[in-house]
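To keep things clear, I will list the structure first and then write my remarks on it.
We call the chains A, B, C, D and E, going by the order they appear; numbering starts again at 1 in every chain.
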Amino acid sequence: MSLTIVDNATCAFCGCVCDDIEVHADEHKIVAAKRACILGKAWFLNHTTDKHYPDALVDGRETTVDEAVQVAADLLDRADMPLVYGMSNITCEAQREAVALAERLGGVADSHTSL
Amino acid sequence: MLRIVGGQVYDPAHGIDGVVQDVCIQDGRIVENVDAAPTIDASGMIVFPGGVDVHTHVAGGSINFARAMTPEDHRRTTAFIRSQTNRAGVGGMTPTTFATGYLYAGMGWTTVNEAAVPILSAKHTHEELRDIPIVDKSCCVLLANNEILLDLLEAGEMERAREVVAWQIWASKAYGVKAVNPGGVAAWKYGKNAEQLSEPVDGYHKVTPAKIVAGLAQIVDDLGLPHPLHLHCNNLGVPGNLTTTLETMQNLDGRRAHMAHLQYHAYGGDDWSTMRSEAPQLADYMNAHRNFTTDAGAVLFGDTVTITADGPWQHLLYKLTGRKWGNLDVENETGCGIVPYTYRPTNLVNAVQWAVGLELLLLIDDPWRVFLTTDHPNGACFWRYPEIIQLLMCRDFRRDCMAGQSDKALSRIHLPDIDREYTLYEIATITSAGPARALGLPRKGHLGVGADADVVIYDQDDDVARMFGHPRYVIKGGEIVIEDGDIRATPEGRGLLVRPPHDEQIEAFLRPLFEDYYTMSFDNYSVEMERIQQPEICDCIDTE
Amino acid sequence: MKIGATHIEDTFAEAFPMRFARLIVTAADDHWLDMACREATGFATSVIGCDAEAGVEQLLSPDATPDGRPGAALLFFGFSSEPLGKALLARAGQCLLPCATTAVYDGLPDAEKRVPLGSHLRYFGDGYQKSKVIAGVRYWRIPVMDGEFLVEENAGVGEGVGGGNLILQGETQAQALAAARRAAEAIAELPGVIAPFPGGVVRAGSKVGSRYKQLSASTNDPYCPTLAGHVETKLHPAANCSYELVIDGITEAAIAHAMAGAVHAAAGELPAITAGNYGGKLGKFHFRLREVLGDSRSGE
Amino acid sequence: MGGKVSCTLGEVKNRADFVLYWGGNPAECHPRHFTKYALMPKGRFVPRGRKDRTMVLVDIRETKSVKAADIFLQIRPGKDFEALSILRALVKGQHVDEKQVAETGLTLEQLTDLVDRMKRAKFGVMFFGMGLSMTRGKHMNSASILTLAAELNAYTKFVAMPMRGHGNVTGADVVMRWTTGYPFGVNFSRGYPRYNPGEFSTVDLLVRGDVDAALILGADPGATMPQPAIDHLARIPTVVLDPKVTHTSRLARVHITTAVTGISAPGTGYRMDEIPLPLRPALRSPYPTDEDVVRRIHQAVAEKPDWMAAGGQTTTTQI
Amino acid sequence: MSAIRLTLKEQPGVPLETEVLSPDALADLAHDEIRSLPVQLGKRRRRLDDFFEIEGERSDEIEVHGDLSLLKWIGRGMSRGRLTIHGNVGMHLGAYMTGGSIEVHGDAGDWVGAEMGDGLISVHGNAGGQIGAAYRGSPTGMRGGTIVIDGSTGLEVGMRMKKGTIVIGDTAKDFAGLQMKGGNIVLLAGAELRTGAWMIRGTIISLKPIAMLPTFRLARSYNPEFLRLYARFLSGLGITLPCAADEGRYDLYSGDVSVPGKGEIFVWQPAEAAASR
C-alpha cells in the first residue's frame, strides 16, 4: 500500500501550530508524524478514517446528517437566545461560518477565550 | 443592462466636464449603447466614475489588532443591522469588514487599495479583503524593512533583489510594493529608528534608507509594476521632516514613486512648539517633478486610531498621549503600531496638520497627481471624505473652520491665503480618475467604453458634504448596490493582483535563508490563489 | 434730633458701591481661629492704602460651619472684583494657608461672579494637590506639614456698600473713646457688616485730596480739634475729640441697621454725632442719620 | 492606559536575549515552543541560540520546564498580580518595601535583579500561560504583564504574548474581530454585534441560564465547564458538532460527527502570534467538515421566516 | 400626577431588555402607548404589556413590582424622575443615567450605574460587579452622581470612575476602585483583594481593615478635614462616616505606585485600636 506523504503539514493541536510536520499516511491512518512533538504525534496518530461514530444522533437515535441538520436548524431557530460556542478546534473557514450562523440566529457567538 | 440618462457627466479621463450625456452599461462594463435597457433618469443629477482610494488601511493584522483595542468606539458608532441583504457590523474608526464595504460603497467608492501588507500574514489580509463586499481591492506588500532584501542590497545584489521582490509580490498576492519608514522599522526591532537618509541602518554597514528607497523604486520600475513604489518616507510626523521628504524625492532621481500621505511629511520647525507647515515648498517640488504622485493623508478633527507600520513613531505617540498602545512586530519584514488619537483644533500641532493636508491638495496644481485620502484611519476615517471635499470646494467653509483657531496656529499655516476652490471636475479627478491612473488600473476611474461600470450618481445639492455623503445611486460592476442610502445588493468585489515574472530558481535561493530566519515553512508562506476572491491579474507595463 | 444729650446732626453719610467676598475660615480651636482671623483681616483698613477692607463679620459655632469646627465669617471689600480677587488670594495664600489647622470655604455660594481661590492656591501643592467635589462643590487639598490645607475652588463676589460712617464727638477723649468702643462693639455683633479700622474705630478720618500731589487723601482737618484755630472747624462747640466709625456692608440695609445700632450704643453723653460726606457727589448711597434712626425715634 | 505590545514568534527566535515564561509549563504543554521558537534556536541576532538567551520561569511549582530555566522564581499561588505590580513599580524606580514583597513568596532582591535583567536585555519577551490568565485576577493578570511589557519599552525593546492553547482558539479571536469588531462573546440579538465579557461570555450565560439553545463546535464544555453550566446545557436543546461523540454530545439533542480539523478537514489555523497557516489534511474523512455542516444548518435556518422581519433592534442607538 | 405602576406578570425565559422602563421614555405617554412600547426578549421584539400589568400614565414617577432579575437596562440614560423597584433587578440598572433617582428594594445585577453622569441610585440589597464602572475599553466610568448599595457587591466596583460617590454597605469583591481616576468609594464593611489596583487618582475609604496591595504605601494617620465635609454629605444619605479625632484616625495609604498613581485609601482605625498600635 502506498503512503501519502504530506510535507509541511500543520499540527493544530496546540497554539504553536507547528507547520513543519512530515506526515505519512496510508488510506486508513496516519503512521508517522516526523518533527512533531510528543503531543503532536499522539494527536496525528490518534486518527483514522474509520467510522467509529454514527454520522449523526438526534435524541440518541442514529440518523442522517441531513435530518440532524434540519433538527438542529429547527431547535436553534426557535430559540430566543441561542449560543454558538467553542470554535477552538475548527478551521477559520468554519469559524467564519459559525459567526455568520450566530448572526443569522440572533444569538451569541463565543469562544474559549471568554473562559 | 442599464442606461443612465440625462445626468451631468464628469469624466476627467475623457475631458468630459459636466456634459449631459447618457451612460450605458452592459455585462458590468461601460458600452457605447444598449437596447431596451432599464433606465435611471439622472436628470438634474451628477454622474461620476466610482471613487478609487489609493491608500487606506482596511484589512489585515494591524487593523484587526486595532479593532480589538477599541470596543468603546464600536459601541458609540451607528451599527449596521443585519438584513436580508447585508451582514451585521459596526462602523467607526475601524469598521468591521462588511461595514467597510458598505461604508465605501455608500459614498460611491468602488475600488480600494490596502496599503500595508506583510507577506507573513498576507493570508490574513486576503481573508479579510474577501469579507469586504462590493468594492474591488488591491494591496501593497511591505518590503522596505524586509531583512532578506536588505541583506541583498547590503551585498549589492540588485538583480537577485529584483527576482526576490517579484517572487514576494506574487507570494503575497499583492498589487504593488510599499515602503514604510525604510530601515526604520528594522531598527525599531531594537527600539531604534532610522532618521538620517544617508546613515547605515542599525545592523548594516552599507544599507541606508536612501539606498533602500532608490533600490526598491528601481526594482518596481524594472518589473513594470502598474503602480509605482508606494512610499511612506522616514521621519513621519516629525517637525522639520520636510528636509527628509525632499531629500528622499531628490534621491529618487527621476524614478516613479507614489508619495503616501504627504501631509505627515511636510513640516518645518525644530520641535513640537515650533512646528509649522511647509506645504508650499513641498507643493512647489511636486509641481516641478512629474515623476511623483501623492495622496493627501489629510487630517480632520476628531477621534481616530492611528495605525502604521512605523513602530517607532507609534511608541513616541504612545508616550506623548498616554493612551492605549498596540505594537506587533512581524519577523524579518515589518512592524505595526496602534495608538488611538484625537485631533483637536485647539492643539497647535493638530491645527497645523489639518491645514497641511488641505494646503497640499490646494497648492499642488495638477489634480492628476494629488489624491484625496486621509490615510484611513490615521488622519481621519475614510467615511469622512465628503467633509474634505467640502473644504476643498468652499473657501468660505474653510475660513469658518479656521475662525476659532489661535493666531499662533494661523501664523504657522498658509491656508488662510489660499483662494482656490475645487471644481466638480477636479473633485472627480482627485477621487477617481487620478488615483485609478496612479494605480495603473485602465478600467477604473473613467466612464469610457470598456471601463468597469462603477458609477456614482449624486443629487445636486449646495451642501457639498451632504451631496457626496449620500449618493442617489451607486453602481458597481453594472449592478445598483446603493439607492438612496439603502444597501440594495452586496456583490463580491474582485481581487486585483500583478504577477511580475521571476526566475523560478529564486526559490532555491530563498528556501534555506527562509528556514534560518523564519518560523514558518517556506512552502506555507505564499498565499494560495484560492484565497483571492474573483482574482484579476493585471498586466505589467513598460516603464521605459 | 437728640438722643439723650447727644445732638444728631441732620446730615448724611455718603457711601459707595463696593464688591465683597465672604470667606468662612475654620480651625481646630478658637485660638487658631483667632490667629487666622487676625492675620487674614490685618492691614485692611481702607482701600486708599490697602488691597482690601476686611474684618470679621461674625464668629460661627461648629454646627454652623461646613466642617463642624469653630469658624468665622470674614468679609473683604474692594472697589472691583479683580483687585478684590487678588487680595483674597494674597490673604488666603499668605495668612490662612500657613496658619495652623485652618480651612477656607466660600461664604457666598449663590453669587454668580466668582474669583479663584483654591484653583490658584493649589499650585503650592507642587503637583501633590488633590481636588474633591463634594455635593457639587470643588475643594482643593494642599498638602502641608500638619496635614492638608483645605480650600474651596473659588469664592463668590457680591455687590455691597462701603463707606458708611459716623463721626462721634466727645467732650473729652475718654468720653469719645468709650462711646466709640460701644459703637464698634454694637457693629461687631451685627451680620452683614464690618468696621475695618483698628477696633472698628478710626481717628485718622480723611478728606479727599491733599496739597501734596502724591496723596489722594489727607487728614480730615475740619474734625481735628487742634486745627480749630486754623481751619473752618466742623466740630460741635463742646467737642474736643472725635472718632469716626467706618462701616462696610453687604447691603444698604445692613449698613443702615448698623449705623442705627452704633448711634444708639454711642449716644447719650456725647455732645454730637455726625456723618461724613462729600456733598453727595461721590457716592450713590446716602444714609441720612435721621432716616436711619427713623424707626427708633420713639426713644427721643 | 497601557497597551498590548507583541510580535511574531520569528522575532523571538531571531532577537530575544531575554525570555520569560510566567504561569506556564511549555515543556509539557507546548513542547516545541522552546526548541522551535523561543529558546533553543539560533537566530539572526542571537547566533549562539540558547547560550545567547537568559530564560526566567515564574510559576507556583517546579515543573519540567524548570530544567530549561536559568532562573526559576517560585511565586506563592494567587500572588501573580501583586508580583507584577511590584515589578511595574520597580521598573519605574518606585520604592517598594521588602516586607510588602514578602507576601509574593519572592524577595525584593530577586525582583530587583529581574528588573535589572529586563532593562539590560536588547530584546525581551514574556510569555504567559493559564497559570497567570486563569487564576484569581484573570484578565487583570494578563493586563498586568502586557502593561509591564509596554512600559519596559521606555528602556529597551520588550514584548509579551499569551501562550494560547486549544488549537485554533487564536483564529476564533481573529475571525470574530474582523467580522464583528470584537474578539469573543458577541451577541447579535439586536441585529448587530454587541460585546460585554461577563454578560455574553459562555460560562456566565450558562450558569445564569440566559440562553435557551446551544450549538457547540470545536469544544467539549461537558468535560471542562463548571457543573451548573453543564446542567444548563442539558436542560436546553443543544447541538454538538464534533469528530467524536463527546461528553457534551451525550447531553445534547443533536450530535453530528465531523471531520478532524487539520487531519481530515482542510482550512486555515492561526498560531498563537496570529500568523495564519494552511492546514493540510493527510486523511480523507468519512464525515463532512464543520464548515460544511455549519453552512448547511445556516441554509436550513435561512429557509425559515426571518426573525428580523418581525422587528429586531428596537432603537436607533446601540444598547 | 400619580405613579405609573408596572407589575411583572410573566417571567421571561431569557433576558429581557427593557430600556424603555425609564421616566424619560414613559412620562409623556398615554396608557396605551406605554403598553405597546417595544422590549427585546433575546432576539425577539415584544410589547411591554406582554410581560407587565400596567396602571397609570403620564408620570415622572414609576413603580415596578416583581422579580426583574432577567430585566436589563432599566433606567438606561434616564435624566429625571423617580423609579422605584420592588423586587430584584438585572444588569445595567441606571447605566448612563444623568439625573433623577432609582431605588431598588431588592438585589441588582452587574453594571449598576455604569458610566452614569449624575443622579442617585440606591439598592437596598446586594449588587453585582462593575458598579459605576466603565464599559470595556472606555476610558472613563461614572462621572458624577451617587450610588449606594446596602449589601455586598462583585468585582471591579467603580472601575475607572472619575467623579461621584459609591457607597458599599457590605463587602466588595476584588478590584474595588480599579484604575480609578477620581471620585470616592466608601466601603463600610471593607473589601476582598486588590482594592485600588492601578489607581491613578481618587479616594477609597474603608471603615474596616482591608488587604493592601504591596504597591500601596502607608503614609500616616490623620483626620482629614475634607472627610468632615464629606461625612456631612454622606449623612444626607443616611450614612455615618466617623471623622472626629476622639473617635479614631484614618491610616492613609498612597498608590498605586505601579502606575505610579496619586490615589489614596483611607482605612479607619477606631480610637482604641489606634491607641494600642
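By definition in this document, contacts are C-beta pairs under 8 Å (C-beta built on N, C-alpha and C of every residue); 3 or more make two chains touch, one makes a residue touch a chain.
Treat the numbers as computed from the prediction; the structure is a model and nothing was measured.
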| item | value |
| --- | --- |
| Given subunit A and subunit C, the chains that contact each of them | E |
| Most widely separated chain from subunit C, with each centre as the mean of CA atoms | A |
| Winner on C-beta contact pairs when D-E is weighed against B-D | B-D |
| Inter-chain centre distance, subunit B versus subunit D - centres from mean C-alpha coordinates, in Å | 33 |
| Distance from subunit E to subunit B - Cα centre to Cα centre, in angstrom | 46 |
| Centroid spacing, where centroids are CA-atom means, of subunit A and subunit B in whole angstrom | 39 |
| Intercentroid distance (Cα basis), subunit E paired with subunit A, Å | 44 |
| Multi-partner residues of subunit A (each touching 2 or more other chains) | 8, 10, 19-20, 79-81, 92, 96, 100, 103-107 |
| Junction residues of subunit C, two or more chains touched | none |
| Subunit E residues counted as touching two or more neighbouring chains | 13-15, 42-44, 135-136, 139 |
| Interchain pairs in contact, sorted by label | A-B, A-D, A-E, B-D, B-E, C-E, D-E |
| Interface residues, subunit A side, partner subunit B - complex | 7-8, 10, 19-20, 92, 96, 100, 103-104 |
| Contacting residues of subunit A [partner subunit D, same complex] | 4, 6, 8-20, 23-25, 29-30, 37-40, 43-44, 47-59, 65, 68-73, 75-115 |
| Complex interface listing, subunit E residues touching subunit D | 13-15, 17, 19, 38-40, 42-45, 70, 73, 76, 91, 110-111, 129-130, 135-136, 139, 174-175, 178, 193-194, 197, 213-215, 217, 256-260 |
| Touching residues (chain side subunit E, partner subunit A) in the complex | 13-15, 41-44 |
| Contacting residues of subunit E [partner subunit C, same complex] | 144, 163, 184, 201, 203, 222-226, 228-230, 232-233, 236, 262, 264 |
